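Take a look at the structure set out below.
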Amino acid sequence: MENKKNASEDHQWLYSPSLESTSHIEIKDKYELFINNEWIAPTSNKYFDTINPADEKVLSKIAWANAQDVDKAVKAARKAYDEVWSKISAGDRSKYIFRLARMMQEKARELAVIETLDAGKPIRESRDIDVPLACNHFFYYAGWADKLDYAFPNQKTESLGVVGQIIPWNFPLMMAAWKIAPALAAGNTVVLKPAETTSLTALKLAEIIKEAGIPPGVINIITGHGDTGEALVKHPDINKIAFTGSTQVGKAIQKALVGTGKRSTLELGGKSANIIFDDAPIDQAVEGIVNGIFFNQGHVCCAGSRLYVQENIAEKLVEKLKHRMKSLILGNPLDKNTDIGAINSREQLQTIEKYIQIGIQEGSEIFQCEGALPANGFYCKPTIFTNVSQSSVLSQEEIFGPVLTIQTFRTIDEVIQKANNSPYGLAAGVWTDKGSKIFNLTSKLKAGVVWANTYNKFDPASPFGGYKESGFGREGGMHGLGAYLKIIK
Amino acid sequence: MLESNKHSIFQTINAASPIDKVGVEERVARFQTRSIKDDAKAQGLKMVLSMIDLTTLEGKDTPGKVKQMCFKAHHLHDLHPNLPQVAAVCVYPSMVAIAKQALEGTSVKIASVATAFPSGQSNLEIKLADVKLAVDSGADEIDMVISRGKFLSGEYNFVFDEIAMIKEACGVARLKVILETGELCTLDNVRKASDIAMYAGADFIKTSTGKIQPAATMQVTYTMLLAIKDYFEATGKMIGMKPAGGISTSKLALHNLVMVNEILGPNWLHNEWFRFGASSLANDVLMQILKLESGSYQSPNYFTLD
Amino acid sequence: MSNLEVLKTYKLYIGGAFPRTESGRFYAPVSKQGEVLGNICLSSRKDLRNAVVAARKAQGPWEERSALNRSQILYRIAELFSDRKEIFLKEFQKQGSSLEEAVLEFSTTLDRIVYYAGWCDKYNQVLSSVNPVNSSHFNFSTCEPMGIVALIAPQNTALIGLVSLILPALAGGNTLVALASENLPISAISFAEVLNDSDVPAGVVNILTGKQDEIAPIMASHMDINALISSDLGAIENAIAEACIDNLKRKFTYTEDFNQPESQGLTFIADLQEIKTTWHPIENIGGSTSTY
């Protein structure tokens, strides 16, 4: 490596800060509840802070809804369902949703910046992925509103009524869109509860809803903590609960719904396998691994958190992965060059750090990117563990952070069994250049989404959802409508 | 070269991973989201200038044209102090002597295309003679073309041997091997041709002649940079990279540098290891540098054509 | 020559065999007319466990059979069932049906088997989609069976309820562990004999007899069962629903009167399918378009 010695320090080329401007955005000091297209103070008069996880500064105060507020929101939604939304033509429903999609696109930049401030995700992702996907989701489902007969041919469908929706903090605006758009298209009205650490973009969406002239009560957005969500789940006049979040909370919700006749769809956790064969396009696979586990700091339910590499290329692949990880830029989420932003909350950071400690204690080999973390805010370096065994805690439990476990395999049967050896079944990745091998694997992996020679791709037209303990029901595509309609037999 | 050596080289070459173009496009798109500002931009733009092979490769080239270009090569914009000069000029063999004279006393290198450029459709004898003409006339660098017809018909041995023999004919001149990626069609072919060229003795691998579209797309350059990286990991030898054709804006040039920076690292951020083959890039970079310093947008009227 | 009647021993159907319950227990249900139907196996939790193990073993090979093959196997069930009309008519009547009711239940059951046999190689076409995504990927969604389906047969019918729920699960590539109607169990066992004589592979359908209140909770909490289907379970409905949550078992309760000819359809198949979405890049190599 004699050439290496010639390396000269003055060749170093470090990118200067390139911060997205925050001058064009407006965040109010305080946000009330959005009910009936009005801003209503919470009955309890309680508010909580929402902070920027990148610097721990308070961004705004958010209303904390209690059961009484939930009742107001559900009543508003019921009235809107009975008197307006179920009465207007499907074509008008369609036009309202289109209008929402367009107005979101107009404000895309503001939404992206606020998403980054509130959630800690890199501006590159909010700008290029979260916000466009959210807008496109509304745009996609808008067109379904007056075409429902084509989604379920020869079967008569009906809307459900009032739908309660509880969403997580990892894709705040996108999850709101995934929930609201199909519900409205199918003819339901909605009470949506965002996660407590990431309420802001949903509240900006509320402003857009009002500005777009969506009839009052059709979409209500109530903020709060777990107790708010619980009140929503338990409200007697809700017809369906749609939830995205942890498997633990999903099961609690499901228990609360027993005997109520309320429907539910759950999109829960995962521990998805990403499988690399020796005939894979290796450099694209490395990108797929990086996208799979480091996208959105690993706060992705379908993150490719269990990597299986065929033994004969494992060493080479891990070297390439480490090299690629060195070019990941961790830092201020508002910097356009940031690849890895802030962990969403202190609590989540502690959870991730706990798992990293477990990994070290279990004797797995750890590799992390070099460099210092910012002084304030919640950050975690991209982390990989090699020499991990299938029975390790690290390769069994969902970490929901930028932590990858790497195992090797020798044969196709072995890897199929290992990949399916999990209570979860949300997603999987397969990398090989051989078509017949892809189809063999994609049909045998018990997962709702299989990415072949790609990973972490999302689209409004593409159904998403899991097998087994990853939940039930699908979001996106024609199949996503099924979650918000009942089929009249 | 011993046949057994070559056998093991081809084993290595054939073991290269397949390439998924959609994945490459996604990766390239992500490089393009890098935002290069302020000091990084100033540093980057000056690097770009210093890496340009100022090129004229036309049937209508004359000594007059070549002389003018050579003067421009070391007087990029005299109104501005502290600007680097370009790395080299790139001309046909018949113009090397003219360029040599014009660049006397400067450190600007002379590169010459050879081997029946741009098609390469001639025999080895003539190709070697072409190289000899350029080298004897004073060329520091030889930009050869591979035999794409032979490559596409699977005669990889032929392509390999040809490069090896041209390399020998170059003597001390550095050899850039042009793959003409626009004619190779697939990224898998680009990768294979890169590997053949490097193992056969190339000092640089180069995308295109500039005569065929598409030329130096970022996808192709990315693929070749990865080939260089793998070759370095396997052999410890650094190979240079030269995208040529179609890079006419500062932004595109900077994105190319971002790729070099993040794939090969800062060791390659020097004109010894990275070049742009371009005819109109320099002025755009100059305008950007002046914009950065003055804050005002520039007009082409204030920058000499050549 | 003796004309003494030979009595039938009713046994369980597990893994393609007809064992007695491992518990050695039995019960003796009585028909409407007051006739004792026989000593019926009172299945235990271990019988259920064995049935689930058999079903899990059969699951992969069954779902990987071609749809046409599954269709032909299901049609074969109809052929053999049709062949044994007399036996079933006799049993239906023994369990309390009039001749007319028995004939009707038999013909409805037969038609239902044929109906679902014909769905095997069609439902996936109807329920799948190719999704036009906004990137250079081919994206499609298809159905896959959920896996092991626990079935608690409707109590009020001897066979039509059971068959109306077995067949769509089977057509969709699932395996089953079914509990026959507690008080009308004997035609379920005879149906198991039909399944066994047709080409349904061992373990694909397993049929237990016994007490609903005893077996249903064990089914609901079994971590290797993927779905649970039943008619309304009355007093234990909520407890069963709650027990299903531990492994997020998919649970469906059907309140249809399965004697009705229209109590069949695609939704019975669709309910027991997972939707799988697959992505793959589409390379655009070269500059050509599809126009010419």
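A, B and C are the chain letters, set down in written order, and residue numbers restart from 1 in every chain.
Throughout what follows, a residue touches a chain if its C-beta (ideal position, glycine included) is under 8 Å from a C-beta of that chain, and two chains touch if they have at least 3 such contacts.
As the structure is a prediction and not an experimental result, all values here were calculated from the model.
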| item | value |
| --- | --- |
| Chain contact graph, described as a line, ring, star, complete graph or other shape | complete |
| Taking each chain's C-alpha mean as its centre, the one farthest from chain C | B |
| Contact-richer chain pair (by C-beta pairs counted) among A-B and B-C | A-B |
| Rounded Å distance, chain A centre to chain C centre (Cα mean) | 36 |
| Euclidean distance of C-alpha centroids - chain A vs chain B, Å | 43 |
| CA centroid of chain B to CA centroid of chain C, Å | 68 |
| Sites on chain B at which at least two other chains make contact | 20, 22-23 |
| Of all residues in chain A, the ones touching two or more other chains | 453-454 |
| Junction residues of chain C - those touching two or more other chains | 137, 281 |
| Sites on chain C touched by chain B in the complex | 136-137, 281-287 |
| Residue numbers on chain B that touch chain C, as the complex places them | 20-23, 25, 185-186, 214 |
| Residue ranges of chain C touching chain A (in the complex, touch as defined) | 64, 126, 129, 131-135, 137, 139, 141, 144, 146, 226, 237-238, 241-242, 245-248, 250, 256, 265-267, 274-281 |
| In the complex with chain C, residue positions of chain A that touch it | 136, 153, 155, 247, 250-251, 254-255, 258-259, 266, 268, 423, 438, 442-443, 447-454, 457, 459-465, 467-469, 471-472, 474, 477-479, 487, 489 |
| Complex interface listing, chain A residues touching chain B | 1-4, 6-8, 11-18, 124, 128, 279-284, 287-288, 319, 323, 327, 336-337, 433, 453-454 |
